[in-house]
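Shared chain: chain A. Partners: chain B in the first complex, chain C in the second.
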Partner chain A sequence: MVRYGFVIDLTRCISCYSCVAACTIENLDPSLWDDSDKRRIRLRGGEDGVYPPRIEIGEYPNVMRIVLPMPCFHCENPPCVKVCPVGATYKRDDGVVIVEQEKCIGCGYCIVACPYGSRFRNHTTGTVDKCNLCIHRIEAGEEPACVETCVGGALHLVDFDNPNDKYIREAFRRRAFKVECELGTQPAVYYIPSR
Partner chain B sequence: MMVYHVPWGIEVAIFLWFAAMAGMGEVIIALIDKHDIKKSVLKHYSGFILIFSILALIFILSDLPLFIGALPRIISAFLEGRFNLASWMSIGMILLSLEILIASIDVIKYRRLSKWISLIASKESFRIISIVIGGLVTLYSGFLLSVSSIPIWTISPLPILWIFSGALAAIALLDILLWLSGEENPIYFTLRLKFSFGIIVGIIIFMALHISASSRSMSAKESAHMLLYGDLGALFWIGFSLLGLILPTIVDGIQIFSGKSVKEMSLVSSLLYILGALMLRILIIYAGVPYWKFMVI
Partner chain C sequence: MYFIDMRFLDNVSRRDFVKISGTAAISTILLSKFPELFEPITLDAKDDSREYTSTPADKKIYSTCGMCPVHCNIVARVRNDRLVKIDPDKRSPHNMGSLCARGQAGVSMLYDPDRLKNPLKRVGERGEGRFISISWEEALDEIAERLKVYVDDGHPEHLAIYAKPSPLFGLLSRFAKAYGTPNLFMHASVCPGTYIVVTRWTLGAPGFLSMNPDFENSKYILIMGRNYAEGIQIYRTKRLMEAKSRGAKIVVVDPRLSNLAASADVWIPIKPGTDAALLLAIMREIMYNDRYDYEFLSKYTNAPVLIRLDTGLPIRAGEVKGLSGEDFVTWSVDTDAPQALSSSVNPQLEGEFEIELHDGSRVKCKTAFTLLKERVARYTPQYTANICGVSSDIISDVAYEFSVTRPALVDDGWKWVNWSNGSITLRSVYVLNMLIGNIDKPGGLLYTRRMKTGSLPSPSKSFPTINIKPVDRSSDRPIAAPMPHRLFHNAILEGKPYPVKALITHYVGALTNLPYFSKTVKAMKKLDLVVVIDIYPSDTAMYADYVLPESTYLEKEGLVVVGACGEPHVSVMQPVVKPLYDTKPGSYIVKELAKRLGLGEYFDFTPHEVYNNILSPVGITYDQLKKNGFYHITPEKKYMEIPYNKNPPLKLPSGRLEFYCTKFAEISGSIGMDPLDVALPNYIPPKNTPVAEDEFYLLNGKSAIHTFATTQNNPLLFSIFPENELWLNNIRASRLGIRDGDKVIIESLATGEKTLAIARVTPSIHPDAVFTYYGFGKISHYYSKAYNKGFSTTELLGVHEDPISGGVGLNESIVKVYKG
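Entry: the complex of A and B
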């Protein structure tokens, strides 16, 4: 059994947005490319070119501001799945949370329920869109577009059921953190802190 | 005006307004059915409730980019056993459909369009079902927001606020119809109810904003700040608080304590309450700040 997720090494992320560009070109209709609200992966904290970024990490005096590459967290306990009225979004056995486009009615309830802002309305299809971990590429033996294109080698696709995965071991060694919230979502994305 | 982009907009606020008036209107019509109220008033009131129920459904559907195209997908979800009865969205679809059905029966009854349907509608059990469904429709509109990741929409007094604010608007509509029908001196009925419910709505709003402003969530605090002295402040204080709540409550209070009801004053206060209920919903929707805007790691 596999359980996919990401390990993102923030020491290697240079905020170049190449993951965002690669994902958008790979997955979205060209009519959406100009709309920065419609993205399957985002760089949170650095929206609109704001500098320094808004997300604070650490405790005084060791505080710094970071940009956080945020794909869908493919949570263990995804609040978006519970609220879908027609069962169009669900968690697969391999841990990937997907939206079946032909079943989605576009009500947007999952967008409202997701605490991480990982979903958006795709107005070309009239349905809800989100990161599906480029499952079509994984099934073809390739890496997700964002991972493949990452300039600094910060993004890594991992299998959390494989304890020997070198990036998982690295994540634990370097005290990686998750963006957990009070909902107990248990995200499947770990961040290796900048320092 | 700076507001955070939440996925739901004005069409959802209007839906919540119609749903609240339809739901609480249904409760009121079931409660006053046996009272000595002109049948012409109930005939028109039941018509309004049916229209509001249908409009609520249209406005929630209008939020779907697929609009009517969503219907076959909902039906196939039913047939394939995927329809999620644990989702408030699904519960709402069922409740609104039932509400339209009940409101239609009421219209048939008060307009005497069918003898046997009127017979069913006259039964005590139908009144109880009407009260339950009407109350649930209004409550559901509060719970619909409660599972969101937008902290101000999840504060506990919201469903109760929706109930009382919906009831206030529904009573105000009844008051307007009573006055327009030439009913004399409704001061001991609708006027007192409006005044009491106006005060209750004010108290719940105070509670809701206090909870939001003193919350640990930065997003909830930001929402309360936006409403109290932020970009939505003018709309909140002048549009809702003053015109939609305080002024009509004072107008009603003057009439009650002077023991004299004035048609024009009562009509204005009722209209302001109804518009205030809409303004309240618009403000709550637009004051939403998603959790991820203030992520703390």
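Entry: the complex of A and C
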């Protein structure tokens, strides 16, 4: 069995947006490329999707800037799945939360239900769109587009059913955190804090 | 899956406070983002909607990225003659399996409807941007006819070519030689000019990126103003992040909290233009605590060379009684007498000596090392803190840590030395590296190993002799790098030293990269003929008579000798799709123009002959290269080559690494400076400083999203970074009554121009500086997205030439900022 997720090492994220660019070209119709609202992965750090990141903490000269690359969290307990009236969105055995395009009626309930803003409406398909962990690439033996291209080497695809996974051990050791929002969603994305 | 629940929020210690407030801040943002609920739903779902997603069945073509001059290795995935995705080439040791946002967005550029689609001819006034489409035949015929005039008049030097460094540069250079003009320019003075001059005369290293910091093995990495997170060269950025994970300490000195500074261990927000003082303070710590590398300095550098105190120049053997020749002189510990440098054994590194000359008179000399030691004496942490505007604790900490950690290195770079004192500042970087003896050692500053390649096939006919110097050469800048700003502002505009009447530009924006926009525009209007070769109807193209559309790197064939990789590397550029529009490769344009000018014999070769000629010393053929995508040589000896076993690639006056820069001292007279001021590391305060409450240095730099001024209209990159803002320190801003998001007017004291901008009020910039990303504020209305977005910096920047390298002080202009 596998259970996919991400470990994201924030000490190595340089806010270069290559994950966003790679994901967009890989997964979205060209007519959506110029629309920063339609993204399967975002770099949360202020105004959504727009460079440069701008959450800053502290006063000059002791300032810290925070960014968070956010793909879908592929939650263990996904609120989006519960609200789907037609069963189009579900969690697969390998942990990936997907939207089945043929079944989706585009009602948008799941967009509201997701506390992380991971879903959006794709106007070219009329359905809801989200990160599917590039399962088509994983199945072909490749890494997800964002993981493959990451310049700083911050994004890692991990298998939570593999206790020897290098990056899961790293996450343990370095006190990784999840963005839980006290909602009990149990995301499958762990962040290694930047300091 | 519960086993990994870290309960991050449960154990809250005081140290964790920042982390938590960070996470809390993010949660707030997440929750404040409300989805768009009531958007209209389009139900015409396309059957082929998944077609853009790459599949294993895609045709994969190895090629080279052309989005910036780093030239990473890529794999293009093509389906049904459409490029669907560009992946990084996982096998490549050059980009190590990664691509930046720009590289990924190559697809978006290829299919950008705003690209140039066919040759254009101007019908309106210059700058109006009114064109008609014409055929290639017409365009090339007409251009050639007009270019012929200058040759027929006997003044081929009236043509200038301004081009970016690209694989086409070689052909353009051949064209210029055949045509008979010396005026071929690249953008040196507004970019790496200072770097080229300083490395050439200090380390004998040729061209830019000729030194390669060995992040892999370094334990303490001091980065001066360079920004690997935004001026991305994956080869270095990745290694730097690896070093960080390995536990190396990374200290970034930058007036602004760049994205690199934000992820570094220490950010030193230095006062703009004072970097050299900080370097001198570190030298002081090393020199006065005897932590320098005596063996390295005395064996491989000219630190022990004796300098005459009366002239400031090195004493020559021919002047000294008992010695002869042109050699330099050191003082021998063993014989307690002067000796020639080339046969120097056990020289005194420190001391003052009286040397008897041939005529019996005596002169006082000190070693270069001693002169520097005396100079740095006053750069105590307290004294330096006052200059750099940084607390003295930080300075003494960094100086101490740097001086005791080995291996350590100071990174070089060029954008941050775009100051009129830039050459001397950058030299201080290299001298500091010499002091700890890290040149070409593991964890130090390595010489870039380059591929030995062949050249273009030699022509059957000899080239015409060119008796005239390029327009930027003058006696007051004897060793300067090419100065395109002089081409425009002096030669074209004022006819000095002689007029230039026609201009060809290749993929370089004279209006977007040269300072003093208004002068550059006047120059463009004054020209008789302007030909612009580009892929976009750029700002510069608006001033062209003819715009020739070049095929993008995804539509043409080529060979790239990669200079940005630390090790020898060549890679292939293959057409991954057929040209989308009526565009041609640059090589076609150059060759066809040459043919029409009767210069065909100089271009009597096929592309494949050229490629194989270039590759012949490498020992592979172009076809082999095509199959593999790239060819990389891992050098047998990565370390301890130069200067230990081999001389530097370019000859240096002393035959050793130049601790004391003999060349700078020799030319100091012609630039009106004192030899000792320029030959040894020195802090020369910037000429202009902001004085009034509303005055600032205008700094500018690169972002991770755009390459220079070329990608702002790329649909994907535009969506990520559409327009620039003016970064302004929050304390200074509140005194000026400016709030975040306010409209402000920036008034340049250098050019007198004003421009409107949006203020980003932030604690992450030095109070004396404002900053912006450059390349925005497009004036070409053909850019449907980028037109008039953000503001351009070139209107605000003055020239502030570095007298040694000719580099432009792009960060030295003072601006007034007030509410608009």
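Following the convention adopted for this analysis, the second predicted complex is superposed on the first by the 176 of 195 C-alpha atoms of A that agree within 3 Å, B and C clash if a C-alpha of one lies under 4 Å from a C-alpha of the other, contacts with A are read in each partner's own complex, and residues count from 1 in each chain.
The rule we apply is simple: contacts are C-beta pairs under 8 Å (C-beta built on N, C-alpha and C of every residue); 3 or more make two chains touch, one makes a residue touch a chain.
Keep in mind that this is a model prediction, so the values were computed, not measured.
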| item | value |
| --- | --- |
| Superposed model, chain A: greater residue contact from chain B or chain C | C |
| Touched partner set for A:Ile57, first chain B, second chain C, both or neither | both |
| Which of chain B and chain C A:Thr11 touches, first, second, both or neither | second |
| Partner chain(s) touched by A:Gly117 [first = chain B, second = chain C, both, neither] | both |
| Partner chain in contact with A:Gly126 - chain B first, chain C second, else both or neither | both |
| Contacts of A:Cys84 with chain B and chain C, given as first, second, both or neither | first |
| Which superposed partner A:Glu76 touches (first chain B, second chain C, both, neither) | second |
| Touched partner set for A:Gly106, first chain B, second chain C, both or neither | both |
| Touching partner for A:Phe177 - first (chain B), second (chain C), both, neither | both |
| Chain B and chain C footprints on chain A, overlapping residues | 37, 44, 55-57, 68, 106, 108, 111-112, 115-117, 121, 123, 126-127, 177, 179, 181 |
| Touch list for chain A against partner chain C, complex | 3, 9, 11-18, 20-22, 24-30, 33-37, 44, 46, 48-61, 63-66, 68, 76, 101, 106, 108, 111-112, 115-117, 119-121, 123-127, 136-137, 140, 145, 148-153, 160, 168, 171-172, 175-179, 181, 186, 188, 190, 193-195 |
| Residues of chain B defined as touching chain A within the complex | 5-8, 63-66, 69-70, 73-74, 76-77, 82-84, 86-90, 93, 145, 147-150, 153, 290-292, 295-297 |
| Touch list for chain C against partner chain A, complex | 1-2, 4-6, 8-9, 18-19, 21-23, 25-27, 29-31, 33, 35-37, 39, 41-46, 49, 52-56, 84-88, 90, 97-105, 107-108, 111, 228-230, 232, 234, 237-238, 241-242, 244-245, 257, 259-260, 262-263, 267, 269, 390, 703-705, 715-722, 729-731, 760, 762-767, 773, 785 |
| Interface residues, chain A side, partner chain B - complex | 37, 44, 55-57, 68, 79, 82-88, 102-109, 111-117, 121, 123, 126-127, 177, 179, 181, 183 |
